[in-house]
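What follows is a pair of complexes built around chain A, which joins chain B in one and chain C in the other.
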Partner chain A sequence: MNMLEVKNLSKVLGERQVLENMSLSVQQGEILFVLGRSGVGKSVLLKTIVGLIHQDKGEVWIDGEKTHPERELAMVAVRRQCGLVFQSPALFDSMTVKENLIFGDEDKARHISATMAWLKLPEKILNFYPSELSFGFQKKVSLLRTLLSNPKYLLFDEPTTGLDPVTTNLVNDVIRDCAKARNMGCLVVSHDLQSAYHLADRIVLIDQGKIALSGTPSNFKESDYPLAVAFRKGTINFAEGY
Partner chain B sequence: MLKAINKGIEGLGRWAEFSIRVFKTFTSKGVSSTSLVEQMYHVGVRSLPITIVSGLFVGAILAIQINLQLKDFGAQTFLGGLSTSTTLRNLGPVLIAFLLSGRVGAFTSAELGTMAITDQLNAIRCLGMDPVEKIVVPRLVALTCSSFLLLILGLGMTVVGGVVISSAHLGVNPIQFSQNISLFVSSWSIGIGVVKSFLFGLMIGTISCFFGYHTAGGARGVGRAVKRTSVATLVSIILMDFLVSTALESLKTFFEIMANS
Partner chain C sequence: MRNNEQRVLFLGFEALLSPIRLFATSCRVLVFSIVNIRLHGREITNQMFESAVLSLPIILFSLTIVSLMSILEFSWHMKLVLKQDALVPGFSMVLMVREVAPVVTAMLLTSRVGASIAAELGFMKVTEQLDQLKLLSVSEVEYLVIPRWVGCVFASITLTLASLVTSICVSTGIASRFMNYQPHEFFNTLFVFTKAFDLGGGLLKAFCFGTIIPFVSCVCGLSCQGGSRGVGQAATRAVVQSCLFIIFADFFLSYWLWTF
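Up next is the complex of A and B:
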């Protein structure tokens, strides 16, 4: 049973029920998009899956094995299998790009060139510090760092937010290659509907901490759930709600 | 009021737990020498100027103060001994530790705090590693060692400061100054200075790493962590100074009684 499963996950942060009874699953070779408005708890969902935030209720299963977030040592193996690409680049700013990439495992240096070419990153940036790179390059380096540890599942936190259209397409191609050519399971959290239509095998829409809608991109296109309609129109009224 | 005390005790417990965890990681995994050297350079070498300058001035100020009192009794011959002994045992370590807590303690907690709020510590966890081992241990070891060495250096500089000001300004030449140092300054007082320096270094290290590591809540969170670090280190240095002085004095009395009986 090669899949990443989230079962009935609930989490209260501060006063708010951020995740409520959330269940979803991603198989190897599949791309699942989780769409939702800003602040709905998408980043919290991903961090909970890899145990950076501990859930109040619910379980995470990877390849038929339950994870134990309270056991930090046991989570090491989980995190090696589930690479998380953070929303912010989260690069170590006191280290050069190269030191970031090989952090903790010098062996990774052997794969740097090939992976950099894949992401169309010039090798000269290896000696730069993260602060000397543009945001787009930082995000690509961050993606590269996660790819180098060669995980089985990839969790992307808004991989294309803040990128130009060309870079967006490039990142989308990388995500597709990861799933289709390398058979990784990709869970992409985003509010970029175009990318979702382009890539997703399935789309899940979360609203107020719960799953409001789950189906194929064409299901999503036809749905008359108000938030889905608003997403399609691209005219979410941010004055409303939160 | 009761709530505040409760919270304080809880914080103390969490700090102790954290320190034990760091210590265990250090004893089981060791520390990578490259990151240790890098950190020693950052916190140690770069703090040399401030340590030297502050050591000189602390020594000079104390010499002036003590001279004022001795002059009235015409007992200036004791200046060297008295001022050196007070500086080494008590005020020297405390004042220099204060300066270092501002210099390296605040720096470390701000650095770790920024790493925490920008997901850099989480990124280490996600790469299957332990941020305590990779980031905290090298910083803490470097911080403790270099604070210790800097304190010793600073103490040395206080003596120099005392000598310089006495001969330049107070009319006590270096030979007179050093004549009765041995009368007042035993190896015991030097020992007290060394023990205190080590403990103060440890306090600065563990407290700043503790608050930095547990930072949450954006830029304000980093500000809070730095503020808490400075308050906690200053208070703990004073408390530690008091505890160590009384404990060591009782120990000394105990030894003396044992030796006499």
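Up next is the complex of A and C:
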């Protein structure tokens, strides 16, 4: 079965139950948007999938095989299949852009030009250091680095936050291409409702560590779940505990 | 109250054990990477340059002042008691080789290199660069810790030797200028008490200190939490803990090598 599955994932961080019995799945070629308020645990969810944070309970299955986050060596294969684009650019600041891109696998150099053209990045930035680039460019380079390793599943942590509308559209197009033209499974964590309506095959809404709503974009538009209503209106009814 | 004491005790043990644990892991990874020829050569030469060459001016300057002071101080004491200072070169050389050169070099390396290691790794931790390293399946021990270890050991040993040479030159100069020694006469009496074993002991100390600094600093950096404040605290902890470790190690090594 070609899909990424999360089954009953739970995680306590500090005093807080950040994830509670969370289950979801992404198939190859599918785009799943995960929405939720800031601090609800979306980034923790993505990091748990690739084993950067170890879950207290629950399992992650990739293509019908269970992952073992406690075994670092076994996670190498998992991380090759699952690319994660961090919320922050997370570029190595002691290396140039090019060194960042080929770090860990020199073979990636062959695909740099084509992928840069896809992301509309000028080749001259290859010799720049990350600190010489704007935040938007750094985010694009970070996306480029993940795309170069050509994973089967792509996890995006707020890929368009902080980008101008033109770049946002470009990144959205890239996500669509990844899923539809390259048959990758895309799990996108985002706050951007318009992108979600535009791209998502399914939307999952996380509320207080649990999945509150799961369905198509039109399901989400019609839902009268308070947080979904709040997301659509952009205001929150604090009396209801949000 | 009791809980607090246990917590402090636990943290103390953690501070002691974590560097030792990282050291054990690094030895294993080092053997593994040598066998698989997977050493990060460029990173290692970078670290050697950063630790040794860039620390050279400050260490030579400080050692010049220290050896100058020790010669003048020794001379004053000897004149006070023995009414002559003929043995100053011999005594000061023993002190230099056994203690001053390795320890002062290590302390200065700690404040320059140890703090920078902790701050750099701490910053990498809080900006998720370490997570990215894991995602790329690059071992942080192999890529970050081992090059710093090699760099620090290299720096500690070469700088100790360089500071010995400096101190010989400086003390000969001082003695002939201010203490009515002939340069060759002073030079000849320098080594009357110093044996090859002393030099070996001094270099063994340099090796140990050069190992302590990167491991303590790496542990502080890798366990850093929070934002810029966490990075600052990691750097402070690295310097304080490395200095304490070095002082303890110096005592035990001196006792074992020369008193025991």
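The rule is short, and it goes like this: the second predicted complex is superposed on the first by the 235 of 242 C-alpha atoms of A that agree within 3 Å, B and C clash if a C-alpha of one lies under 4 Å from a C-alpha of the other, contacts with A are read in each partner's own complex, and residues count from 1 in each chain.
The definition used in the following text is that a contact is a pair of C-beta atoms (placed from the backbone, for glycine too) under 8 Å apart; a residue touches a chain by one contact, two chains touch by 3 or more.
Remember, predicted model here, so these are calculated numbers, not experimental data.
**Student:** Identify whether chain B and chain C fit side by side or clash on chain A in the overlaid structures.
**Tutor:** clash
**Student:** State whether A:123 touches chain B only (first), chain C only (second), both chains, or neither.
**Tutor:** Once the two structures are laid over each other on A, A:123 reaches no partner at all.
**Student:** Which holds for A:164: it touches chain B only (first), chain C only (second), both, or neither?
**Tutor:** neither
**Student:** Touch test for A:56: chain B only (first), chain C only (second), both, or neither?
**Tutor:** A:56 contacts neither chain B nor chain C.
**Student:** Using the touch criterion from the header, give the chain among chain B and chain C with more contacted residues in chain A.
**Tutor:** In the superposed model, B touches more residues of chain A.
**Student:** Which partner does A:84 reach: the first (chain B), the second (chain C), both, or neither?
**Tutor:** Both partners.
**Student:** Check chain A for residues that touch chain B in one structure and chain C in the other, and list them.
**Tutor:** On chain A, the residues that contact chain B in one structure and chain C in the other are 47, 50, 52, 75-76, 79-80, 83-84, 86, 88, 90-93, 103-104, 149.
**Student:** List the residues on chain A that touch chain C in their complex, please.
**Tutor:** Against chain C, the touching part of chain A is residues 47, 50, 52, 75-76, 79-80, 83-84, 86, 88, 90-93, 103-105, 149.
**Student:** Where on chain C is chain A touching in the complex?
**Tutor:** Residues of chain C touching chain A: 124, 127-129, 131-132, 134-138.
**Student:** Which residues of chain A touch chain B in their complex?
**Tutor:** Touching chain B: residues 47, 50, 52, 72, 75-77, 79-80, 83-84, 86-88, 90-94, 103-104, 142, 145-146, 149 of chain A.
**Student:** Give the list of chain B residues in touch with chain A in this complex.
**Tutor:** 111, 115, 118-120, 122-130, 134
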